[in-house]
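Structure incoming, see below.
We just call them A, B, C and D in the order they show up, numbering each chain from 1.
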Amino acid sequence: MMTGPENAITDVPGVLVGHSTLIRDEPEVVRTGITMVVPRADVWTDYVYAGSHVLNGDGEMTGLIWVAESGMLGSPIGITSTSQVGLVRDFLVAETHRLGVVAGFHLPVVGETWDGWLSTPGSFPLTADHAASALAGAGPGPVAEGAIGGGTGMICHEFKGGIGTSSRVGTAAGEPFTVGVLVQANYGERSDLRVDGVPVGREIGVDVVPSAWSEPPVGGSTVTSPHDGGSIIIVIATDAPLLPVQCRRLAQRATVGLARVGGYGHESSGDIFIAFSTANHLGGDRESPLEVRTLPLDSMDPVFHAAADATEEAIVNALCGAETMTGRAGHVASALPLDLLVEVMGKYRA
Amino acid sequence: MMTGPENAITDVPGVLVGHSTLIRDEPEVVRTGITMVVPRADVWTDYVYAGSHVLNGDGEMTGLIWVAESGMLGSPIGITSTSQVGLVRDFLVAETHRLGVVAGFHLPVVGETWDGWLSTPGSFPLTADHAASALAGAGPGPVAEGAIGGGTGMICHEFKGGIGTSSRVGTAAGEPFTVGVLVQANYGERSDLRVDGVPVGREIGVDVVPSAWSEPPVGGSTVTSPHDGGSIIIVIATDAPLLPVQCRRLAQRATVGLARVGGYGHESSGDIFIAFSTANHLGGDRESPLEVRTLPLDSMDPVFHAAADATEEAIVNALCGAETMTGRAGHVASALPLDLLVEVMGKYRA
Amino acid sequence: MMTGPENAITDVPGVLVGHSTLIRDEPEVVRTGITMVVPRADVWTDYVYAGSHVLNGDGEMTGLIWVAESGMLGSPIGITSTSQVGLVRDFLVAETHRLGVVAGFHLPVVGETWDGWLSTPGSFPLTADHAASALAGAGPGPVAEGAIGGGTGMICHEFKGGIGTSSRVGTAAGEPFTVGVLVQANYGERSDLRVDGVPVGREIGVDVVPSAWSEPPVGGSTVTSPHDGGSIIIVIATDAPLLPVQCRRLAQRATVGLARVGGYGHESSGDIFIAFSTANHLGGDRESPLEVRTLPLDSMDPVFHAAADATEEAIVNALCGAETMTGRAGHVASALPLDLLVEVMGKYRA
Amino acid sequence: MMTGPENAITDVPGVLVGHSTLIRDEPEVVRTGITMVVPRADVWTDYVYAGSHVLNGDGEMTGLIWVAESGMLGSPIGITSTSQVGLVRDFLVAETHRLGVVAGFHLPVVGETWDGWLSTPGSFPLTADHAASALAGAGPGPVAEGAIGGGTGMICHEFKGGIGTSSRVGTAAGEPFTVGVLVQANYGERSDLRVDGVPVGREIGVDVVPSAWSEPPVGGSTVTSPHDGGSIIIVIATDAPLLPVQCRRLAQRATVGLARVGGYGHESSGDIFIAFSTANHLGGDRESPLEVRTLPLDSMDPVFHAAADATEEAIVNALCGAETMTGRAGHVASALPLDLLVEVMGKYRA
């Protein structure tokens, strides 16, 4: 399948992405941030259908109880550090008041992955202003990848991880559609990493490029966490006309792409996926039944393929888009060396 | 809320109900049967949206995996004895072949409750012909209640139980709707039975009317089963325009009606509920997106009330519609004495 | 079944409850607070098994993804106002850092109901200090009920609502157990309220005691919200030895008690239930398999009954424990008049 | 990870597998059968903990409602053709009567995949005797693979499919464990097939080996079905001490192995997985709490890896173990040519 023009989640018309990145070394080392995925600018009053899936639930995504019940999403999706999910969640509630959304959506969706290896745990450096900045900056077009926004302090397959995105275009039930995926990738073991089936992680082992989880040679922190194994948040957007039950099915296809890159859903991982469809407009008059559109039975396979494939590529893009970062306690997360990647891929090509 | 004209699930236009009852004393005592609820005559090719809920899952309802995945139901719903769910399920598969439904629905929905106290366990007396008869006889209009069809051998609150039905009409999002409920009631303890809040089961205790679970005075079977506590299958139909996610919500409201009569979801009970909406037509062309109708957010409460209230009344109707039955091993299931019921209700009325 | 000595959730040994209440009229009218239910003092390192159920999901309870995945709960349970769930959630994360729980639980459970009818919406008056105060004050023994803690601004069946609690003691599988329930009750219509089956809400109608949702005679706010219909958080504790799958089953029994009082699971209601068992100790050594205890199959019914009955009474206790409150914009939430309640109950008694 | 001695699900001590295969050309072409996986010989009275996961639910597995509720499995697992799930399910109920299991398990687990391309649809050729034969023949040791038992008429990645099995041994929480997997593989597109990451299906395309879905050159049936895309049933056994919640987590890891071979969870696919643990004994006395063992938090990753890896290999083994079969209407399902497989693998090896 072909990618969309930007190979990004923003290829789905109306979807906006914004980042707020906080990197500082004083008074404590901070490598954190917030990413906002806005399904459409007026999502606060014109909801989208949505559904979610959890591969492994050692993580948080607020708002999913209401997504499951109503099948709807009525807020931007925030993604941030584990410690400050609540801050971003309450900010989005406050935003409904600021916007005067009287019948508003007080149950926003905010996910997280853990950045405490590079950023000081227990420091809580983000403020509502950072969240506001990420939201205000949300726009269409190209999406910055790697160590940015919520992805700032992330580690993936023991390389530097972060935000990645990709898209696919196709046809379902006779109509063109776009699927876009954005990931905050913070999971996985080196030895499991595969790119297009090639065992890149075995070829570029921790003897070649040290694990991001390594302690610096002298001293250093010994903090470990159940989140060490990491997590991945995957957001899937589409303009294909999906009902809530279909969005939920789509969300589960993130597992397929993730598994191909080397995800197992480790026990300490929060592998949480949300999918939404912008095709229907759910705001406005609530005094009469709505007419909505849906893909008929047995027409979703192209959308499933698109979601799995774009997820796979978005993770690889997160790895390729990230640069080496030094964080707290001398922790160094090395980027996946692109020259070695090319070399390994060539070695395994028929 | 008002009932529909028949106070039955068939008040939902297009819904059909048929029973096949098998009562014999030779070669073994049999008190069993099959009930079919047909969402619409051409449901095989024109599916309905559906959803389910389980209060306690010590029971079987085939086909729910596909209902959950697709949100659709494409077969009649069979209800029968625990032992012969498979027979009825395979019959419905065979029926798709007989009808030549080439792209057909091979995952039919068949539920059960246990009739082994009155009917000989391990006897497997039903045949595909009984299933065919129940289906062929399915029609609109009044629905026979009590010890008939799948409800033949059932026990409810230690009285004779069986099939009951009820309906409610109302308005949601400016449009009239009907909700119809059919139950196969086989659960509950005497002391928990309430009718409109009145503790009927405490007033008409087992000292007044013996428990249906009593052994006959001399000898008799001592077989007990994890199913002793019983089960209840609840089918909710509506013509309100509901998506799958909304059907699932509706199904859970059966719990509310059941709890008011005295259901706790006992550990050995299969309290399984399915709801479907006939408002949308899902057959035909699969080459382009469908347009479907849905109740908008915050307009479902009247439908929820209707489902809970009709469930409550359907259970009471199952009790009031059943007559005393003697089954295997001298087991006697006494009917709820209507004169005593009236007397007790009067005693508690303000 | 008998109640425990305090008829409170704290009858389950080790369970602690604390409240922080914030009532002020300047600079804006605030009627809010936080309640903490602590499964045991060292729950941070000695987890309890837990499970949850959602009757209607127009609400938030953070942390449930991890509860579902792991079957464990490793933090106090916070209950507060809808707007400030995030604050309380992040406070509990910070608390793990303050306590030095290095392998700690970063996914705390915090639920909410909406208090915006009595307390100024959009005011966000709570701080981490309030959360700390609720937690620091958590203790055993009697639990204050009504308009206190998270229950401060709540409305139930159009009377003043809030916090209520109850307990039951019984025997399961040959061992004594206690079930305790605490509710934050903020749901329901007047006409649906029943006490022990008696239609109290129809007898004490809004013509007798005005609805808490009434506007004051002159002017006043016209803000309404999807949360108007309200919500209820129900926490069930037990010392019966339950595995996670059994805790989830127990959580669903809250529906039974709620339905009997008059809950329907309204569409705009967040009816979210969590149950935990303190019987097993899940901390300590992780290097070898744990031995844990569990009720065997077919022995849970007494625990189910206890949970349903204690839920029913806890809601009534919330109503009986609350006093009339005047909030923002002249909104008055009248208490359920106990003299009228007694009168009505007597009228319906046989 | 290492395989067990037989590289089969029977490497988990106590697990038995039996097949019944029905191949005939008169009076209609039949290519079908039944496979039984017996968790332990006395599973009828000594249950095992279990859990399930559905990747895509266009399929049936009976009994999962009770597995979800109780966390237990008390019957052999049958796997057969879509049309005759009911027959096998009712046979297992009858077996409890034959064995005199008075408090028995009347909710057996039977899964299916569709064999109607090679075997005549609508023919219903299996009888209870075939089910009895599969069960009677269940034994330990090597497991026949390919076109046998329930796998007889199956197609996988457009090659001949069927039954495959594999196992892994490892250590979790300081104790050795075995994970065994058995699949009935009937899913997938040629172009998606990968073996150890190598795009075998693109290299051995339908121009090299015709698709099993091809019509014969002259005439032939044109029946297609929603099941054309196929299905896969995956059974995971382990002797690691897992609670129900942990079994459910394990079941989902089948997705990881399946995705790596080329499964997407197609819309018309029934990708249904069940996992059970034989470590605890759940029969006997029900009058007092049971003591059971469980892996502690954060010790399951080796078991997860084992399940994913054994699933991947079991599917490949199903492909490698099957021989070319000609079925009804001249349909030919060609085996994966092992010489070409070796050639392709060599081409892509570094």
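To be clear about the criterion, a residue touches a chain if its C-beta (ideal position, glycine included) is under 8 Å from a C-beta of that chain, and two chains touch if they have at least 3 such contacts.
Predicted, not measured: the structure shown is a model, and the values here were computed from it.
Comparing the chain pairs A-B and A-C, the larger number of C-beta pairs in contact belongs to A-C.
The most distant chain from subunit C is D, comparing centres defined as mean Cα coordinates. Each chain gets a centre from the mean of its Cα atoms; for subunit A and subunit C, those two points are 33 Å apart.
In terms of their C-alpha centroids, the spacing between subunit A and subunit B amounts to 44 Å. With touch defined as above, residues shared between interfaces to two or more other chains in subunit B number as follows: 56, 69-70, 226, 249, 297-299. By the touch rule above, subunit A contacts subunit C in their complex via residues 54, 56-66, 68-70, 82-91, 93-94, 97-98, 102-104, 106-107, 110, 114, 121-122, 124, 223-227, 270, 272. For subunit D in complex with subunit C, the touching residues are 47, 69-72, 173-175, 241, 243-245, 249, 282, 285-299. Contact residues of subunit C toward subunit B in the complex are 55-56, 194, 196-199, 203, 226, 229, 249, 252-253, 255-257, 259-260, 263-268, 297-301, 304-305, 308, 347-350.
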